[in-house]
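Labels A, B, C and D are assigned to the chains in the order they are written; within every chain, residues are numbered from 1.
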Amino acid sequence: MIIVLKREATEEIAQEILARIEEKGLKPLYMPGSERVVLGALGDERVLSELGLDGHPMVESLKPILSPYKLVSREMHPHDTVVRFGKANIGGGGFAVIAGPCAVETEERLRDSAKAVASAGAIAIRAGAYKPRSSPYSFQGHGPEGLATLRKIGDELGLPVVTEVMDTADVDAVAESADMLQVGARNMQNFSLLKALGKVRKPVLLKRGLAAKVEDLLLAAEYLLAAGNEQVILCERGIRTFETVTRNTLDLNAVAYMKQKTHLPVVVDPSHGTGVRDLVVPMSLAAAACGADGLLVEVHENPVEAWSDGAQSLYPHQFEALMAGLQPVLAAVGRELA
Amino acid sequence: MIIVLKREATEEIAQEILARIEEKGLKPLYMPGSERVVLGALGDERVLSELGLDGHPMVESLKPILSPYKLVSREMHPHDTVVRFGKANIGGGGFAVIAGPCAVETEERLRDSAKAVASAGAIAIRAGAYKPRSSPYSFQGHGPEGLATLRKIGDELGLPVVTEVMDTADVDAVAESADMLQVGARNMQNFSLLKALGKVRKPVLLKRGLAAKVEDLLLAAEYLLAAGNEQVILCERGIRTFETVTRNTLDLNAVAYMKQKTHLPVVVDPSHGTGVRDLVVPMSLAAAACGADGLLVEVHENPVEAWSDGAQSLYPHQFEALMAGLQPVLAAVGRELA
Amino acid sequence: MIIVLKREATEEIAQEILARIEEKGLKPLYMPGSERVVLGALGDERVLSELGLDGHPMVESLKPILSPYKLVSREMHPHDTVVRFGKANIGGGGFAVIAGPCAVETEERLRDSAKAVASAGAIAIRAGAYKPRSSPYSFQGHGPEGLATLRKIGDELGLPVVTEVMDTADVDAVAESADMLQVGARNMQNFSLLKALGKVRKPVLLKRGLAAKVEDLLLAAEYLLAAGNEQVILCERGIRTFETVTRNTLDLNAVAYMKQKTHLPVVVDPSHGTGVRDLVVPMSLAAAACGADGLLVEVHENPVEAWSDGAQSLYPHQFEALMAGLQPVLAAVGRELA
Amino acid sequence: MIIVLKREATEEIAQEILARIEEKGLKPLYMPGSERVVLGALGDERVLSELGLDGHPMVESLKPILSPYKLVSREMHPHDTVVRFGKANIGGGGFAVIAGPCAVETEERLRDSAKAVASAGAIAIRAGAYKPRSSPYSFQGHGPEGLATLRKIGDELGLPVVTEVMDTADVDAVAESADMLQVGARNMQNFSLLKALGKVRKPVLLKRGLAAKVEDLLLAAEYLLAAGNEQVILCERGIRTFETVTRNTLDLNAVAYMKQKTHLPVVVDPSHGTGVRDLVVPMSLAAAACGADGLLVEVHENPVEAWSDGAQSLYPHQFEALMAGLQPVLAAVGRELA
C-alpha cells in the first residue's frame, strides 16, 4: 500500500506511521518528495487494513497495490475452475446454456417452457420460486410449492435446475431441492446469505449487483470460497447507468476482464442485461464471442402471458434460433456448446 | 397506463388488448394517431401489471401514469408521519441528530464516543454489531455481544440506540435489544428482511441503496408499511456515480423531492454520503437547509484507531462544532434541534 | 404526447390546455381518471415542444410517444445507409476496420504504424492531428502539420484517412485534407461544429459522448442530416459509469439497439471502450458478433513510446491476430471483412 | 507516480524503467515486494506523462500522487480569487445571485424577467442568445440579435450580463457584448473554446459537464488560467446519473470539495441541477449552506410561455421568496448577499 501524506505532515508523523507499519510485520518505505512525503508498506494488504491509516488526519490518500481478493484470483489458481452441473460442465472451455421462465407460474406452463428449452439444447432449467420484486404488489413467487414444482419438472426431463434463494432461512430447503442456488443481483452483498451459502455443497450462481464494481463481485465470491464453497459461477447481468433505452447496461468488458483475473466460470444473462427481447440474441452472440462460459436466458412458452419479465423473455422459436446461431460463433472462438 | 403500439400493430390487435383491459375492470382508451396507435388503461396500476402487456410483441412501450407506491405517498396521507424515538420525535418539523461510531469495538471506546455525542446533543447512539463489509477479511462486527454492549451503553446514558440488522434470523434479537433497526444500503432490496421488519413494532431506518432510484426506495418502504410497520424513516446516504473524489454522491435533490412526495421522515447520512471527514460538516448544513428531518453521523472518540470508516468519522470536537453550526441554519429554515 | 395533470388541476385548466393543443393543429384527447386527468396530443412532437407545457404549474409530467429523431430513423428510411470510404463501404452488411495510432507523432512512426495496419487489412488509417486532452499540459497534437503528414502517408499507401476536427474554424482545412472527419466524444453535443459539418460533403464519424444517451447520439446525428450531410457513421466508444477497472463501459447493447432503430452504420471503438490493451481483441469480436458494421482500433508500432493512449494501443502483431480472429466470427454472423 | 509492475516483470525491466525515470530528471525509487515490484518516480507529474509508461506491457498500473492541476490549486494560491462583476464581487466570502430566463425570447419578455430579478436583488442578468439544444428542431436562440437585446436590457437596468458562447468563431462578438462568458456543460471539454477564452479579458463562467469528474472540471479551468485568464468561476449544475425523478443529480459534495481544493469561486445552478421548479428553492438554500459563492437561477416572467426550460424556471414571486429565504441561511454560515 502507498500512503500519501498531506503537505503539512511533519517528519515526526511520518516516522510514527513507519513505526506502526513495521510493528505489523510489514516492510516500511520512506519516499520524501518535493511536494509530499510518500510512504509505502509492502506485505499482506489484509493486515494493512488493521492499521486504520485511512482515518489519520495527516493521510491524504491510500493507494492499494495488490488486489483485495485472493482465493478467486487466477494468480493464486491459474487453471479454470470447472463446475459440474448435471451432465455438463461450466467453465474450462465449453459453453453452457441455462434457460427457462422468470418464475414458476403453473406446473403446465413450466413444463411447456422447460420442454422447449431442453429440446433446443439447454443443459438446465431456471425458474424462480422466490421472486425479488421492487413492488410489494407484484407477484412474489410460489415459494416452497414453486420449489417442488420446479424439482418435479427437472426430474421429469432429467435436467438439473437452478433457482434463487433470497433468505438464509430458506437456504437448506433450496439446497435440498435445487441443483444450483442463485444469488440475485439485489442480494450480491447480502453477506449473511453469502456466508450461509459458503457452507452449502452445491454450486452457487452469483449475479453482479446493479451498482457493483467488478472488484465488489469478486470479493462477494471470495466470501463463498473463504467459507468453503468453491463451486461458484459469476454472472454478468447488466449494471445500472444513465441509459434508459435498455433496462440495464450489459457490461461485457467485465466478462473479458474477469476471465483474465479469476479462475471461476463467468456466464452472462442477456435477458436482464438488456430488458428487451429483440436484443437478447445479438447480445448472447456477443457474450459467446468475448469469452463467456455460458448464458442464463429467460424463455417463456408464451411471454404475453408471463407474470413477470415478459418483455425480455424469448419465445421458444427464438430460443431455438439463438441456439442455432450460437454454434458457429462458438466454433469461431474455439468453443463448443456443452 | 399508456400503451404505445408498434407501427405494424393491426387494428385487430388493438381491439384485443382493449378487451383485455376492460376484462380487468379498467377503463380502456383508444387513441389512433398518424404514426402509432396509442391505448390507455385507467385505474389501479397494480392490476395493470397483471395484464402482462410488457411482454406483448406488438407493444412498443408502456408508460405508467400513477406512482407505484401508495401507502408511503403524501397524496394518501398528507400529514407528516412522526416517529417517536426515546424522548425525541423524528419528522414533523424538528431536526434529530443520531451519532456514534461505525462499529461497536470495545465497551470503553463505545462509552467514550457515546458520551461525547450525547453531551453535544445527539438524541440517540448509532453503532454496528453486525457489519456488512465488502471483503470477508475485514472486521465483521461482534454480533450478539456487540448488541449487548450497545444496549448497556444506551442504558447507562439514557439514550435510545439504533443498529443494523442484516439477516432475518437476527431480527428478533436485534428488535429486542435495540430501539430502532437499521436496514443498510446493501440490503435495501432484501425483500425477505423487509417483510420480516414489517412485522416488528419498532422503528426502522431504511437506507437508500447505492443504485436505488428514489422510486425504488419508496417501494422498499412500501413493503414495510404494507406488512404493518408504519414507523419508517428514510435515509439518503449517497449513490454510486462516476465521481471518485468522494466515496458516494450525496443526492440532496432526493431529500427535497421525497419531502414533497412522502409523509415519512427523511434523514441524511453525510458520513457515507461523502466518505471524507472534511466534507461532513458542510454537507450536514446543506441537509438541514434543504429540508431533511435529521442526520445520522459517524463520530469516533479517536478515528485514527477506528476499525472501520475512520476516514469519514468526525472527532468529538468536530461533532460539537457541527451541532453548534446546525442551530442557526435550522433557525433560518424554521426548525429546531430535537 | 401524453400530459399527466396534477391531482389538483381543475376541469377548467384541462380545457384550456386542450384548446392550446387544438390551436397548434394537433389532435387533443381527454382522459379523466379516478386519480388524475390525463390529456393527449397526437401529431408532430416537434410542434408540441412549442406548447411549453413542461413549464405549466398544473402539469405533473409529459410523456413523449414518438421518438424525437426523424431523418436518422429506420422507420423513415428502412434500408441501410452505405457510406463509401476509399474503395470500401461502411454499412450494408460488410465489416470495415479502420486503424492507426492515437496521434500523428513523427512521419516515420506514422508510416510504420500505417503500413502495419494496412498490410493486416485495415481499410483506412486513423490518427489525430488535433488532440482533445483533459490536461493543458498533455500533448495537444501537431495541428496543420499533423494533418499534412497524415495526408502524405494516406497517399503513399493509397488508403483514405480519418481524423478528428475540434473547432468550426478548422472544418474547411480538415475537410480538404482528410477523407472522413471525426467528431470526438467530448464534442458530440458541440452543436456549432455539428452544423458546420452538416454542410461538408465528406463522411462524418460521430462518436458517442461519455454521458450521452442513445437518443442524444441519434439527435446529434439528426443535426448532421438536417443540415444536409447524410454520410454519417455512428461510433460507440464506451460510456462513463461507476466501474473503474476499465476506462469506460463499452455499451454493446447500444449497438444492437441502434442497428434496429437507425439506418446509419454503427462502428465500435474497443480501444477507448475498454482502455485496456488486453481487452481490445475480445471486445472487437463481441462487436462483430452483435451486429456492428466495423471497428475503429488504436494500433501503434511501439505502444511503449506512444505519446498518448499507449495503454490501450495494440502492437502490430496483436492487430494482425485480431484481423485473423475476426474472420470466422464475421462468417458466423453472415458478414465479411470489407 | 507509483508504478506497479506485473508479477512476471523481470529485474532487468525494472532497472530499464528506473533508468528512463532518472533520464527525465526525476527521482527513481525501487520497492521490491513479495508479490510485485513497485517503482516510484518523484517530481513533476507533467514530465512523467512523457515517459509513456502506461503503454508498457509489463506495467500493471500507474498511480499518480500529485493532483494534475496546478494553477487552479489552492495549494499554489491559498487565498480566494475574487472576480469583479459589475458592482459586485464573486468569491471571497459574499454570495452572488445571477438570474434570468433560459433564453432571450422577445425584448419585452426579457425586460420583464430582468426587472423582476433585479428588483429582487440579483446582481446580474443571465439569458442565452446561442442555445445548445439536444434536438435540431428545438429553438436555437436568436444569435447576434439576442446578444444585442441582452446588452440593451443590461444597460437599461445598469446590470452586467452573462451569456453562453458555443463557438470559437463567436468569442469576439460575445466578449464585446457581454460582461461574462458562459461555457455550457456540453462544451466543458471543448478545448478549442477554452483556449480562445483563455485569451479574453472578461470573466468566464465554466459549467461542469454532465459526465465530468471534479478533476476534469478543474483541469478545464486550468486551460483557461494557463492561457492567461484568471477570472474563472466554476459552476456545479448537476451530473448525469441513473436517477430519473430529477433531470440531473446536483452534486453539492463537489461544491464543498472544490471550495477546499481550489481558490476559484464556485457557484451552483439549481435550475439545471434539479430540472424541477419545486426543488429549486430548497437546493438553493442547501448550496448556500455548504459554502457555494453564489447561484445561477432560471427565472421567467411567465414560465408557461417559456420557449425552453419552463419546467425548471421560477416565477418572479418564487424568486423573491428565494432571495428572502437565502438571507438568514447565509447569515447562519457567516456570509451575506452581494
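Heads up, the rule we're going with is that a contact is a pair of C-beta atoms (placed from the backbone, for glycine too) under 8 Å apart; a residue touches a chain by one contact, two chains touch by 3 or more.
Chain labels with UniProt names: A, B, C, D = 3-deoxy-7-phosphoheptulonate synthase.
The structure displayed is predicted, hence computed values, not measured ones.
**Student:** By how many degrees does chain A turn when fitted onto chain C using C-alpha atoms, rounded in steps of 5?
**Tutor:** 180
**Student:** With centres defined by CA atoms only, which chain is the most remote from chain B?
**Tutor:** The chain farthest from chain B, judged by C-alpha centres, is C.
**Student:** I'd like the Å distance between the centres of chain B and chain D, where a centre is the mean of that chain's Cα atoms.
**Tutor:** 31
**Student:** If you average the CA atoms of chain A and of chain B, how many Å lie between those two points?
**Tutor:** Going by mean C-alpha positions, chain A sits 26 Å from chain B.
**Student:** Please compute the C-alpha centroid of chain B, do the same for chain C, then give the distance between them in whole Å.
**Tutor:** Distance between chain centres: 38 Å.
**Student:** Taking each residue of chain C in turn, which ones touch at least two of the other chains?
**Tutor:** Those would be 211, 239-242, 244.
**Student:** Please name which positions on chain B make contact with chain C in the complex.
**Tutor:** It is residues 2, 4, 7, 27, 29, 31, 33-36, 38, 40, 42-43, 63, 65-66, 75, 240-242, 244 of chain B that touch chain C.
**Student:** Which part of chain C faces chain A closely enough to touch in the complex?
**Tutor:** It is residues 211, 213-215, 238-239, 241-246, 249-257, 259-260, 273-274, 276, 278-279, 282-283, 285-291, 325, 328-329, 331-333 of chain C that touch chain A.
**Student:** Across the complex, what residues on chain A touch chain B?
**Tutor:** 46, 49-50, 52, 54-57, 68-69, 130, 132-138, 140, 166-170, 186-187, 189-193, 209-211, 216, 219, 222-223, 226-227, 239-240, 277, 300, 303-307, 309-311, 313
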